[in-house]
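Going by the order they are written in, the chains are A, B, C and D; count residues from 1 in each one.
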Amino acid sequence: MRRERLRVVGVEAVGPYTLLRVGRGGLDPGAPGQFFMLEAPGRLLPRPMSLCLAPPGELGFLVDPIGPGTRALCALGPGEELAVLGPLGNGFRLDVQRPLLVGGGIGVAPFPYLSEVLRRPPALLGFRTPAHAEAAALVANAEVVLEPEYVTQRLEPGRDVLACGPEPMLEAVRALAPAAQLAWEAPMACGYGACYGCAVELGGTWKRLCVEGPVLRAA
Amino acid sequence: MLLNASGCLDALTAPETARALDAFVTKTVTPLPRAGNAPIRIVETEAGMLNSIGLANPGRERFLADVLPRLRELGVPIWVSVGGFAAGDYAETCEALDGIAAIELNLSCPNVDAASESAAEIVAACRTATDLPLVAKLSPAAWDVAEHARAVAAEGADGLSLVNTIRGLALDETTLAPRLGTAVGGLSGPALKPIALAAVHACARAVDLPIVGMGGVRTGRDALELLACGASAVALGTVLFSDPEAPVRMRAELAHELAARGLGRPEDVVGIAHEDRLRHRKPLDLARKALV
Amino acid sequence: MLLNASGCLDALTAPETARALDAFVTKTVTPLPRAGNAPIRIVETEAGMLNSIGLANPGRERFLADVLPRLRELGVPIWVSVGGFAAGDYAETCEALDGIAAIELNLSCPNVDAASESAAEIVAACRTATDLPLVAKLSPAAWDVAEHARAVAAEGADGLSLVNTIRGLALDETTLAPRLGTAVGGLSGPALKPIALAAVHACARAVDLPIVGMGGVRTGRDALELLACGASAVALGTVLFSDPEAPVRMRAELAHELAARGLGRPEDVVGIAHEDRLRHRKPLDLARKALV
Amino acid sequence: MRRERLRVVGVEAVGPYTLLRVGRGGLDPGAPGQFFMLEAPGRLLPRPMSLCLAPPGELGFLVDPIGPGTRALCALGPGEELAVLGPLGNGFRLDVQRPLLVGGGIGVAPFPYLSEVLRRPPALLGFRTPAHAEAAALVANAEVVLEPEYVTQRLEPGRDVLACGPEPMLEAVRALAPAAQLAWEAPMACGYGACYGCAVELGGTWKRLCVEGPVLRAA
């Protein structure tokens, strides 16, 4: 992990989301599913964001503006700078035979990078609205599922599922694919094991999601 | 002297950060293991944050067996923060500790029930249990924190840590339910800074013990202000969450602040905010025991 | 119900603002006139401000003779904030007051020496001196503010005002001397809000008295949050300094917040932040005596 | 007194000071020496500023960037809005026979407006540096005095002095011209009598400078 001030090189709307691209500086992009802590202008604490895209010299983040921190990130303009710390946590294990990416909403964020690394496996992406579904264009071989239908209704067996999305979706995926790799979320103050804020119950004990996750094997 | 605030750094997951400090302070260790409180455990507020971690820790036995030996390998002086629910808890842990630089007694966690004994009684019990330096960590949630400082000083505390967090609450914008799982948590960060400065200022006038100042330090200037109010050392808490390199930055900024003001070394500025107001009084005795 | 926080509005220099309130609360009146503390008396901090006004007021006699009659002409219910340095001071002033809506007992000014009696003793003395509603104003600078709430409730307080300011200090950037003439002052404003919410939340669970919530209210949402934590009324303090029209704006914003959430009238939201956490407990009794 | 959100129409450097011009909206300019409370972006409390210029439809303020609030005011750009409350306090009495304006540093601020109203009386303005003295160009018939010389060294007797400047200057003026009208300063939280923060000792008792001042008759 390393911390640098990086410069915004692009800010693009992707449906209701914003694709924030920053110059990579000396930071390592890490593995798909790992995340970075991004300084959110005017806020005390940084915000965790999965790496979405890793073109040469850049890091790309897909941000859903749901609160003050994410809104501040979406309001950044090209040329502005922000401190970025990472890569952090454990990403997806890539030793999979028949990968299937399963995402819900902003859970699509880590998949563009993951899809490239896994050579464009099929992806099943659920969204609330067609506008949100515009983000599916960032992922190769993606099949879009719109509410009221759920991704779990189309899950075929025999796949190595790599999933990211809201908690209820992950729980549903876990019920159908017990060996799935699931990328979880928890509010994080630090992202590197300092605060114990991100604790989740895991195998009977509480673990720090930023250290042991965010990607966990379904039990 | 620069430390981390207890509970704001894990030296094992961030050894580089810990090595940049003059001493590493552990998260509070309780007699039995604690999972901590149910999520959500952290939430941002106006110029601050609330936490309700609830002293998540592996408990005394596992701390002594597994954690402390690995901390020792870092080559940084170790302060162990000790907590409990009765004076006996504290004293037993103190007795079991050895080969560390100091013990910080967490007498003030807002996230767990306090011991039934007073802070002074706990310090007294620990004093008989160990010869290690005892640093009493006090809460600013007191009408007169200096009174507590005097009480723990009288029972043999070697230093004070000021301040712990103070109880706060935040509601979810949409549901109006408390955001933290425990509803109430401890407020830290810049919002706490004036409260911390006032506590350090008051206690520096009340007792002659060295003070570790903390509360909302973000910049070298904040550190300088705590020193000026009477702290001999400064601890970094919430700032570490946004910047694991804060210790290095803080030293550089403090050096810069001192130089820009022609003020010499950090030791030289301890208590200078008092000078004017102590003009007609006995000057502050700034000669203090070193703790590391 | 919307009030001003004591010491944050002079109805005689800003009658329009006072008339926009449901009741006007006076600056704290002490037995003898007080010039207040030496300047500087106010300084801005991170998301807050410190004041060390020190209860500047004309004293009981001149207040009763000159000020109160003019306040009465405004046509707004008057709450008189009463202060002192001994329980007898408070009781004497209470006895001299009549024809007002309520008495707020300032038991918690951080800028003057506290009375030697406890808050409960002062309430007890005042209870025997008057039949007017007594609202006890408490400090958040207590390890357990709910304990104080229980104590004053037991002595016959009719309501609580939560919270007063908490001690803080700020240094001058250049000189590193305290900016306030008294060094230490009371912290108010948004930085205090989480502390105020926690105090209201805790006291609403501890006692059945109506609570006037205050501390860092700037918007209708802040007011809504205090109600949700259990306040029956909201007082505006620091926000009045930047916006004398805050009462009107606040009502509009609160109405908007309520409507946007489909939540009915302000009375209906009192305590709703507790609902989840009280699911398996005795529900909060929200039927409370009206104070005005 | 009235409070409105006004729009910035001009921001100009005047030596080290900034002349901030805002649309007047429905606000009354008041009398010279009165002041307004200006919202300082990002700060909790507004900042008191004397009215400097009152061209039709506008209010002009001369701001010395000495701290966070005044720096934020100087950083405003045309088109931005800020809340302004006023006019406040008591200005200069205008029933004077042989007026002389005496100012020091940013104390020049109320004089351009005062000078117009009094039909350009002579003014004696002291400054620290020639750069600061650029502000003298805003005042008609101004004579500039540069440190180490002081305005009080040139004060002719028999004048009705109206003075504004740093406290030591006002004290020195008062010693020489006991009947002078002096515009004082004190930190103010509210500007309209609500906070008692601006108390000054006056004739043995403490008065609120925002209510009884800022212009006071020398005792």
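Assorted remarks:
To be clear about the criterion, a contact is a pair of C-beta atoms (placed from the backbone, for glycine too) under 8 Å apart; a residue touches a chain by one contact, two chains touch by 3 or more.
These figures come from a predicted structure and were not determined experimentally.
Contact with both chain B and chain D is made by C.
Centroids of chain B and chain C (each the mean of its C-alpha atoms) stand 31 Å apart. Chain centres here are Cα means. That of chain A falls 35 Å from that of chain B.
Distance from the chain A centre to the chain D centre is 55 Å, each centre being the mean of its Cα atoms. In this assembly, the C-alpha centroid of chain A lies 46 Å from the C-alpha centroid of chain C. Touching two or more other chains at once are residues 47-48, 173, 190 of chain C.
Interchain contacts link the chains end to end along an open line, per the touch definition above. Every pair of chains meeting the contact definition is listed here: A-B, B-C, C-D. Chain C makes touch with chain B in their complex at residues 45-48, 50, 114, 139-143, 166-171, 173, 176-178, 183-184, 187, 190-191, 193-195, 197-199, 201-202, 216, 221, 224-225, 228-229, 261, 269, 272-273, 275-277. The part of chain D that touches chain C in the complex is made up of residues 1, 3, 37, 39, 43-46, 67-69, 83, 85, 186-190, 192-201, 205-206, 211. Contact residues of chain C toward chain D in the complex are 7-10, 12-14, 17, 27, 35-36, 39-44, 47-49, 51, 53, 56, 173, 189-190, 238, 240-245.
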